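Shared between the two complexes below is chain A, which has chain B as its partner in the first and chain C in the second.
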Partner chain A sequence: MNAFRFAWRSLIRQPARASLGVIGVAAVGALLFDMLMLSNGLVLSMQTLLGRSGFTLRVSAAGSPLPGTGQPISDSTETAAAIAALPEVAAAVPVRFANSRILRDAWERAIDADLVGIDQAQRRIWTLVEGGDLGSAGLAGRALVNENLAALLALEIGDMVHLQANCGMGISAAPAVHLPLAGVADFELDDSDDLTVALTLQDVDRACGGEGRDAADQILINAADGVPDQEARVAIERHRPDLQAFTNAQLVARLQEGGLSYFRQISLVLTTVTITFAFLLVTVLLTVSVNQRVGEIAVLRALGLSQRRVIADVFCESVLLVGTGALLAVPIGFVLARGLDRILKAIPGVPDELHFFVYEPRALWIHVALFSATALLAAAYPMRMVANLPIAGTLRREVIG
Partner chain B sequence: MTVVEARDITRVFPMPAAPVVAVRGVSIRIEAGDYVALCGPSGCGKSTLLHLLGCVDMPTSGALFFEERDVAGLNDRQRSRIRLRRLGFIFQRFFLLPMLTAAENIALPLSEAGVSRPEQERRTAELLNYVGLSARAEHRPSQLSGGEMQRVAIARALANRPALLLADEPTGELDQATGEQIAALLDRVNADGTALVVVTHDPAFAKRSRRTLTMRDGTILLEETRP
Partner chain C sequence: MPRRWLIGLCATVVLVVALAGESSRAQEHAPVPDVLISRQLAEAFGLDSGDVVQFSNEQSGAAAREFRVRGIYEPTPDPLELNDTKFKARLHLPDLLALTARPDDPLAAEIVDGLNISLTNPADAEAFSRDLMARVPGVFAQPIERVMSRASVFVVLERFHFAIALVTIFASTVFLLALSVMLVDERRETVGVLRLIGLTTRRVLAQVFLEGLVIAVAGALFGLVLALASERVINLYFQWHYNTALIFVRVTPAVAFQCLLIAVPLGVVASVSASWMLLRRQVMSLARR
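Presenting the complex of A and B:
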């Protein structure tokens, strides 16, 4: 009977204790697995989100810590056209983000909605569901809304949309703009409950009371085929030193250095706590188990089983306890992560597409490595007890006992 | 041929109050096929001497030779090999592993000795038959009587065909009739060629041996030899 089979038989001899041990390790392991998914989850999710828009670079005014956080880019249509003309660039789309209040009728209560100003000359960031498109620069005077907003306001194609813009300094003093609804669209960056309205940049300027400024928060860029993003970034900054270009990878790195590092730190602390719990749990279980069986172990040694063999028995028990628990921890961890993700995503302003817990193979490998180390370390003390067990003294005590 | 020889061995246990001398200057030689009974009052050092002869404990002074090899010069692994292949132990409380069946308990030393699975099965069946428990092969210790458990323990001790069988009060936990059956079985084991050293309080059992050593205060007080 090999050490694994022997350990298995030893464990199932006390099914309640073994089950409790496995459940304990599984619960702790599920938390650990979740912490590993959390440590890099937002970064991975952000990468996916940035990649999903189809744009690989974002341009903003020089000195902005992140795109859209600094000064707006003025003359954005002209700037975007100049950038698009660079051989390293395939497309350049200026966009402006603001908030707005939509009034179904002049006397009704207003509804807050996200306002996107865009000239989609080369590339749209939405899919048209119904009606016509917004139109490129120069064809101002039409609005596009998402399905949520259309449903909430019972808007039909051709209905007038009454909009007051909030362009960073409270609701603009400019009067509401009234635009006919051109179509209903599914916006790529929308959440499931977002209310979004899109206008041309020219109309957003007008709504913000800055007609003619042609301001944009950022210009979304696609590098030309075969041109690395980094090369396109250098070309843009060389062409326009007053602008700053970020590749998606740079953006993720910046976010990692900033706010997202807190999640990594939290997950590191919780990972340490959970793995310590797993270690203590298994150590206690094995130590109790060995203490209860010292007589048997002494008999095995007296019968000629080697020190190495009885140590292997204890180690295999640890591997079985930790291994089974860690294995169960993975599906439990996935279910738990889904629930926790739902709770965290309920925080206002978190996009639907953003996930806090994201699976990556690395998380699984770290999970396996940490639990392998736990199985070894947790068994260390009981293995030492077994290795140093005085055979004759223990037999004598067992007989007297 | 001498299986085990102790030359002036002493075993001292360090205790907080004062060291306890459990075995004091004992010399003894066990030959192949010998049948020795160790008698004496509780605490006189019988079990300690048995443990020393069985290489599970080391003398504080003196020399111990197992099949002419100085045990003091062997490491733990080598002493384990001797216990596995050349020695058999029987305990008063049987000490069968409760999670294993009778057959698995017997097969354990065979498996540890690297015996092939078919050979393990063959030898286990043979031993179960030898101790009259073929029908109980798949029973757990909790499903066996005291006498049956001790028979399984004897079969386990004989698994690797030891040269010497050491029994520490093998009938101590059994009623008189069952004890008699176990004693008869051990007589048979000895008659088949295995040397036997038995620690016992039972004078009737001791009389079955060819040599009875009576101990007191860690020394051999009296040696009786029977033909």
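Presenting the complex of A and C:
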């Protein structure tokens, strides 16, 4: 009988103990697998989200820590046109963000909503759900709202949207603008509670009462075919040193250093705790199990089983215990991750499409590697016990006992 | 403490600016305005009270103005600013306006981002907000509670930590149960002898219960000591990592009590249930080798 079969029989001889051991490893393993998915999940999800619209670079004023957070870009239409004329760039679309109040029937019944100013382009940062799209530059005069806002105000296509903008440049006393609703769209960075309205840049200028005319918070860039994003970034910054371009990868890296680092830290701490826990669990189970079977092991040695063979038995027992638990941990981990993801997505401002726990093969490989190391290390002490077992002395003690 | 109102951003000015020039120890007391700087900024640039520094709101450092460091302060730890810059300076409002106002804008020196308003009756916050916005179109007034809804981030994080704690408790319980089963099995013969000399199942269970209680209490207390010891290590690590005075882990009496409340009964239940599985067997099967 080979070592694996022998170890398997040792385990099933004590089904309660073996099952509890496997369940314990599976529970800890599921948590570990989730933490591995969490460690890089936000970054992967953010990369997917940013890449979805096809814009691979974002330009803002030099010195901005993140696109859209620094000084606005003045003369944005001209700037975007100049950038779009670069051979490394396929498209440049200026975007402006502001706050707005959508007036329902009177000032007292106004609703706060995010305002996005952008002209229709080949690529959009929304997916049209119903109705028509915004006009391109020069074809202003229509509004687009997200589904939350449409539902809240019971807006139908063609209804008038009464909007007052606050463009964040001092006190705005701009009068309300009234625009017909062109369509309802799903904005890619909206969270489940967001209320968003989009207008053309020209209409946002009008709504802002002319403040910051033709200003944009960022310009979305699409690099030309075959041109690496990094090359396009360098070209833009060389052409306009007063601007700063971020590739999506840079942006994600910046976010990773900043706001996303908390989850990386917590995943590191919990990974350490869970793997230590798994190690302790398996070590204790194997040690106690070997302690209870010293007589049996001494008999096997006396019957002629080699030292290497009994060590292999203990190691195989560890591998079976940890391996089965780690295997079960993967599906349990996926289920648990869905629950934990749902909890975290309740954080205000988290886009619907963003996920905290994202599967990647790397997570699975690390999971396998960590548990392999655990199986080996956890078996080390019991293996040493078995290796150093005095056969004659143990048999004598067993007989006297 | 009166409840505060917020219109737009706080008027309490916190400006983060690039340190444009080399600091120099002031030998003479020139009439330069005062500035408070954050501990982190002081450490990074080796600044001390009395130093004269230059601030500019231009990337190039142009149009810099001199300020004397009046003091160094520890920024109020704010979890929401964990990843923000810790290089902060507090200027008097007129000094800040003079530094940032655009020369071509005659109104620039009159513009602030927001005003904090303290009400005589804080309960009127909502009504006052509506009234103000109706009287001054274009002004956004918000009760501070609405702005503070950001705190819900921590409610979510607490829920997340609680969910992880539940999984950990489940795994610990299984671990404990497995260990109890093994330990009880190891004492099978002893229990068999106790039953043979006349001790009832209830009497043996009572003994196991007390043993389990002592071990569970000792284990839980050891866990608390471990938590208290690691509390400091974890706080030191995160405070170093984020360069903040924020406290990340705090073992409060309520948390300690909650842990005891979960750990002790779990330990006792694991011991008793494992023993019960053994005691259900026939006395002779327990005693035989």
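By our rule, the second predicted complex is superposed on the first by the 375 of 401 C-alpha atoms of A that agree within 3 Å, B and C clash if a C-alpha of one lies under 4 Å from a C-alpha of the other, contacts with A are read in each partner's own complex, and residues count from 1 in each chain.
By definition in this document, contacts are C-beta pairs under 8 Å (C-beta built on N, C-alpha and C of every residue); 3 or more make two chains touch, one makes a residue touch a chain.
Since this is a predicted model, take the numbers as computed values, not measurements.
Visitor: Once both complexes are superposed via chain A, do chain B and chain C end up clashing or fitting?
Guide: These partners fit in the superposed model.
Visitor: After superposition on the shared chain, which partner residues are touched by A:Ser10: those of chain B (first), chain C (second), both, or neither?
Guide: first
Visitor: Just to be sure I read the superposition right, which of the two partners does A:Ser306 touch: chain B = first, chain C = second, or both, or neither?
Guide: So A:Ser306 only meets chain B here.
Visitor: If we overlay the two complexes on their shared chain A, which of chain B and chain C does A:Gly295 touch? Say first, second, both or neither.
Guide: So A:Gly295 only meets chain B here.
Visitor: Which holds for A:Glu188: it touches chain B only (first), chain C only (second), both, or neither?
Guide: In the superposition, A:Glu188 contacts neither chain B nor chain C.
Visitor: Using the touch criterion from the header, give the chain among chain B and chain C with more contacted residues in chain A.
Guide: C
Visitor: Give me the angle at the C-alpha centre of chain A between the C-alpha centres of chain B and chain C, rounded to the nearest 10 degrees.
Guide: Once the two structures are overlaid, it is 90 degrees.
Visitor: Looking at A:Glu353 after the superposition, I want to know if it touches chain B, chain C, both of them or none. Which is it: first, second, both, neither?
Guide: After superposition on chain A, A:Glu353 lies in contact with neither partner.
Visitor: Which partner does A:Leu340 reach: the first (chain B), the second (chain C), both, or neither?
Guide: Only chain C is touched by A:Leu340; chain B is not.
Visitor: Considering only touches as defined above, state whether A:Ala30 meets chain B (first), chain C (second), both or neither.
Guide: Only chain C; A:Ala30 stays clear of chain B.
Visitor: In the overlaid three-chain picture, find the nearest pair of C-alpha atoms across chain B and chain C and give that distance in Å.
Guide: 9
Visitor: Across the two complexes, find the residues of chain A that touch chain B and also touch chain C.
Guide: Comparing the two interfaces on chain A, one with chain B and one with chain C, no residues are shared.
Visitor: Quick check on the complex: what are the chain B residues that touch chain A?
Guide: Interface residues on the chain B side: 47-48, 51, 54, 56-57, 76-77, 80-85, 87, 89, 91-93, 95, 97-100, 104, 107-109, 111-113, 156-157, 160, 168.
Visitor: Across the complex, what residues on chain C touch chain A?
Guide: Contact set of chain C toward chain A: 59, 82-85, 107, 111, 130, 133-134, 136-140, 149-150, 152-153, 156-157, 159-160, 163-164, 167-168, 170-172, 174-175, 177-179, 181-183, 185-186, 234, 238, 241, 277.
Visitor: Could you pull out which chain A residues touch chain C in their complex?
Guide: Going by the criterion above, the answer is residues 14, 16-17, 20-21, 23-24, 27-28, 30-31, 62-63, 65, 99, 101, 107-108, 164, 166, 170-175, 257-259, 261-262, 265, 269-270, 277, 280-281, 284-285, 288-289, 291-292, 336, 339-340, 343-344, 346-348.
Visitor: Which chain A residues qualify as touching chain B in the complex?
Guide: So the residues of chain A touching chain B come out as 1-2, 9-10, 12-13, 295-296, 299-309, 391-393, 395-396, 398-399.
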